[in-house]
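Following this message is one structure expressed as structure tokens.
Chain naming follows the written order as A, B, C and D, and within any one chain the residues start at number 1.
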Amino acid sequence: MTREITYVEAIAEALDEELSRDDDVILFGEDVEEFGGNFGETEGLYEKHGRDRVRNTPLSEIGIAGMALGAAVGGIRPVAELQFADFAATAGDEVFNQIPKQPYVSGGRLEAPLTIFAPSGAGIGAGAQHSQSVHSWLGNVPGWVVVTATTPYDAKGLFKSAIRDDNPVFFLPHKMLSETKGEVPDEEYTLPLGEAVVEEDGEDVTVVATQLMFHRAKEAAAEVDADVEIVNPRTFAPLDTETIAESVRKTGRLVVVDETVERYGTQGYIANEIVENEFFSFDAPPKTIGVKDVPIPLSPPLEQEVLPSADRIAAGIESLF
Amino acid sequence: MTREITYVEAIAEALDEELSRDDDVILFGEDVEEFGGNFGETEGLYEKHGRDRVRNTPLSEIGIAGMALGAAVGGIRPVAELQFADFAATAGDEVFNQIPKQPYVSGGRLEAPLTIFAPSGAGIGAGAQHSQSVHSWLGNVPGWVVVTATTPYDAKGLFKSAIRDDNPVFFLPHKMLSETKGEVPDEEYTLPLGEAVVEEDGEDVTVVATQLMFHRAKEAAAEVDADVEIVNPRTFAPLDTETIAESVRKTGRLVVVDETVERYGTQGYIANEIVENEFFSFDAPPKTIGVKDVPIPLSPPLEQEVLPSADRIAAGIESLF
Amino acid sequence: MWERMTQDVNVDDDTARRFLEEMLRIDIFEEETKERFGDGEIPGFVHLSGGHEGSHVGMGAAMRDEDWLAVGGARLIGQYIAKGVPLPEIMAELYGRVDGSNRGHGGQMHVADVDRKLYGHAATIGSGQNPAVGLALAEKVKGTDNVAVTTIGDGGTSRGSFHTALVFAAYWDLPVVFVIENNQWAISTPAESLSPDSLSDYGDPHNMATESVDGSDVEEVYRAVSDAIERARNGEGPSVIESRVVRLVPHFEGDKETYRDEAEYERLKEEKDPIENYRERLLENDVLTEGEIEDMVANIQDEVSEAVEFARESPEPEPEAAYEHVYRTPLYGQGE
Amino acid sequence: MWERMTQDVNVDDDTARRFLEEMLRIDIFEEETKERFGDGEIPGFVHLSGGHEGSHVGMGAAMRDEDWLAVGGARLIGQYIAKGVPLPEIMAELYGRVDGSNRGHGGQMHVADVDRKLYGHAATIGSGQNPAVGLALAEKVKGTDNVAVTTIGDGGTSRGSFHTALVFAAYWDLPVVFVIENNQWAISTPAESLSPDSLSDYGDPHNMATESVDGSDVEEVYRAVSDAIERARNGEGPSVIESRVVRLVPHFEGDKETYRDEAEYERLKEEKDPIENYRERLLENDVLTEGEIEDMVANIQDEVSEAVEFARESPEPEPEAAYEHVYRTPLYGQGE
């Protein structure tokens, strides 16, 4: 049985269930208690699980991420929130140099089973420092498992797996999807990390997209005169290139859409991985679409200009025929 | 007339000349006074230009980068050193969110003519947190001009331009090249930012490489049975794709070698930019080579294993024929 | 916890009138902002300054035009106004229009005006203090006696970047005044759960001058910040001032404030409104009459209406503007 | 500036002997490390602890095996030894070999041994303190009375991350002991140019217990850290201790130390060598004889030689090992 819930409710359910399931799970971050998180994602958890398990922290991302690292090494399973994904940089040393590298540097003797989650993406007029998509930064640092959520179903199932995984996982919901609704099973479930999924079958062209861009790609697919297969990578590191490659072997065409900045973003790498290994499957050049090389502007028309639209995706698809 | 000097001497000369030329230039960082920098790059400058112009700072990259930003906005031209490029993350908010975005966010009303420089790259057994190549991180953040140095000639000419440029520039020498020697003009000169250069002409295959990888690519070129054209991008953001594309239009083959981590590194983006726009020029799939998706290990054999070797580059070139 | 406000007026009448007028300007501008935001005319986030007006105005009045202000915390608009940015430019920026201070690229969190020496605000709380140190350094290198004032909230003091800025400012005795607006809350996290007695104590280990003042009293803030600026100008180095204020508004528009005790909140609104208190003080001390204040309010309301008109009439940026101001081009030596 | 060292021995004889032995172990191990590095057998950087042995041993002795140590500053090896990591594993790690504590992945800057509750070192100075807070939190959540001790250099205290760690530790009164090894230098930058009188003053605004001790006196450090650990174990929260030591060695091997005053350096070597001073103290107080110390030294030399043999004989990692330990695989739910 399933029911319709919102994306934010799905996130809150994942947290609630994992807090209930495993005493070692604790949740902390700024304003996760009474306030319930910026998008309502921690609402009710503090009341239910108590102040030892759900903790407001002082305002410091270095403190949050650093404490999460130590707590994980110390044998518990911290889930830490940053209020915006951009703040991954605010805890830069922890996020780039410490957390993902400590297991490797210790030769595997040290484990860091922590999860950091933070809403990413543009579209709400939050400006250049509260709107970025940072999975290109994180995925470029070996050691992080980088996971995004596209639907309430994904959000819940992937977040639960993220919490249970023994690697450091960075989980990235998208703020524009907070209030979107979708079917979620009544029963408990998890979804595999590290596996892409073909969300829509098609014969003519493969579109890789996640988060908000997935939904725009779906709109675009409805607009164009081609049978579009949509692959949702879900996990950006490690990346399941095989599922994408398999699709391209069938369709012969590839469009990679993502909200990271195009220059050294996710798109070029993903496209090139497939081109490099499946060159002779291609019937047309690959096409990449992302945020052009600019920060996210405040002005709504400017913000929409830089954020790939369904039209831009549709034009990208059509350019390959 | 030219003379042979080392790469580090070239860097020190650039600093010396710019400090002499422009009173607004000031230099600061950890251990830039008597100690002279970790590789000798600031030797003698403090004695010559005095403590007001060449300043040791307390140990904080956030302090250094943040102060550089304010000083630049305030109307002077700071040149700030971080002891290792990895520490770009240690000043994460300044480097990812503040410095590159402030000019844009202010609608162009605020200028930040600062230069940060930091030695990057692996090879000296410095371990996972002192060996990274970070131009993929920086180049993914619009607003930074990201410049690398491959030879003493480049190091001096590009660094001088970096200091004079009105944008925030991140200048990245490579620590393994510190003691390499090369010809440098006696006269003052600068080199253009934002322009790639064809360093070696060839007909059969284009290899894009910079820093240490450039030198290894040259070795590889000598090993293989093909006429290799080597393009040195010099500036990674903005990237001069046109020079690379022109070369590929001639050769029909492309290998991109760089020391950034392959996943969401520079290589895939660069290769895909050319593939996407010059698809029908390609006689073989593109080939990308970088640090595999691991942190840099301490053990020298492991470090050499993950760092692309001349042999691996040669094999990459040969795989295209 | 709050000391009783003195009922004397300790500045000359003109200054006192300007203080009240400027606080009213902030208040009326922000009330209008709230309406416009509620009507969907203003995009993004809106954080208002209710309760902080005395702190903003006292600080602004203590500064020379040539002194830098680097704004911190999340109470922003009052500070922009106190630094002298014209209301129409601020309002147009809130609207994201081309005539905004930042041409619509920045919005409420990023109003910057280097000509008026407003560095602006780092929307990552606590990232403005090290730039403020750099601004002070630039002034010192250029041989001026200008200072840099920088604000931060109680919450922001937990970020290490703030402490590093203290280290750097102290290291070279730079002319920086750190003002901590302690409004008791970092969104929903109470400042009283932080361990320091006064947040200005953070300056003590550095042997800096520190002071904690009632920030809802505009005159107190004016005095304390003036003293600190004077020390800084005279080469006596940085200071840390805690300005104890109250947040009489939600964290941002939309915040339901479930975490606040209602009775206490009502009491604070009653007792600690800097404008209401100062108004009464000026009336009691015959500095102004009710009628004069009404005129003042009417004038400001006109100004604010004009600012809204200006913003509404300013065009949305053209799409291509999104690609401007990323780089100054050509890059050095390029295309030669 | 340095107080005269007391000549009494204030611990029992066994403890005193262990103190000297452990300091000698560090010294002899490091002398050998220096030689092996000089001969090119050890890759990467080597930072030695000369002058810090008393601080390391006093701190190590104050801890229980179950207490965590998160190492900071750049004086590392002495701390690894003081936490009980076997010499062969340390030496093999310096060599980058498979039998090293970290299988050769980490090297001198990253020796970690979670089984012995050595968190290891963040090679970015000052990034170990917040993890230490997290380690303490984990112990608290698990209901133990174990504490986390974390060290940092004088230089490292300028990083904000250190101050944030103080905020977080104080916020929940976590059992963390912050030890600042103030050896007067951050590479070439003198601590005396920092503004605090004592670096432990950084704990004052947080209302933490603080103390500044002569860190070259092993007994002083032992006492001060024991007291702080006891407080932490009893739920009395975190402490900050400044351990004033001298760096009697270059920053790292290869540092020419052009920035040091030679006469002063010689004086310090003469007066502040923790091992020499303690040796004399134990002799004067008849705790040990010259002959016993010679035996001690000879035994340690054997241990150290064995460690070197062990390291030399340990194989280099196979190339494929470079790709291990990046992820624990399969990822959750993968391949099911």
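Following the convention adopted for this analysis, a residue touches a chain if its C-beta (ideal position, glycine included) is under 8 Å from a C-beta of that chain, and two chains touch if they have at least 3 such contacts.
Worth saying up front: this structure is predicted, and the values here are computed from it rather than measured.
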Please indicate which chain is farthest from chain B, where distance is taken between mean Cα coordinates of the chains.
-> C
Mind checking the centre-to-centre distance between chain C and chain D? Centres are C-alpha means, answer in whole Å.
-> 45
Could you give the separation in Å between the centres of chain A and chain B, each centre being the mean of its C-alpha atoms?
-> 30
Taking each chain's mean CA coordinate, chain B and chain D are separated, in whole Å, by 36
What are the residue numbers in chain A that touch two or more other chains?
-> 57-58, 60, 62-63, 86-87, 90, 93, 97-98, 104-105, 127-129, 142-143, 238, 293-295, 297
Among the residues of chain D, pick out those that touch two or more other chains and give their numbers.
-> 102, 104-106, 110, 122, 124, 127, 158-161, 164, 167-168, 171, 194, 326
Once you've mapped the touching chain pairs, tell me: line, ring, star, complete or other?
-> complete
Residue positions on chain C within touch of chain A in the complex are 43-45, 96-97, 102, 104-110, 122-127, 155-156, 158-160, 186-189, 194, 255, 258-259, 316-317, 319, 321-323, 326
Spell out the residues on chain D that touch chain A in their complex, using ranges where they run on.
-> 68, 70, 100-106, 110, 112-115, 119-120, 122, 124, 127, 129-139, 141-142, 148, 160-161, 164-165, 167-168, 171-172, 324-328, 330-336
Listed in rising order, chain A residues that touch chain B in their complex are 86-93, 95-98, 100-101, 104-105, 127-129, 136-137, 139-143, 236-239, 260-273, 275-277, 279, 282, 284-288, 293-295, 297
Flag every residue of chain B that touches chain C in the complex, lowest number first.
-> 24, 26, 52, 55, 57-58, 60, 62-63, 65-76, 78, 93-94, 97-98, 102-111, 142-143, 145, 161-162, 164-167, 190-195, 235, 238
Spell out the part of chain A that touches chain C in their complex, as residue ranges.
-> 30-31, 33-36, 56-63, 86-87, 90, 124-130, 292-295, 297-302, 305-306
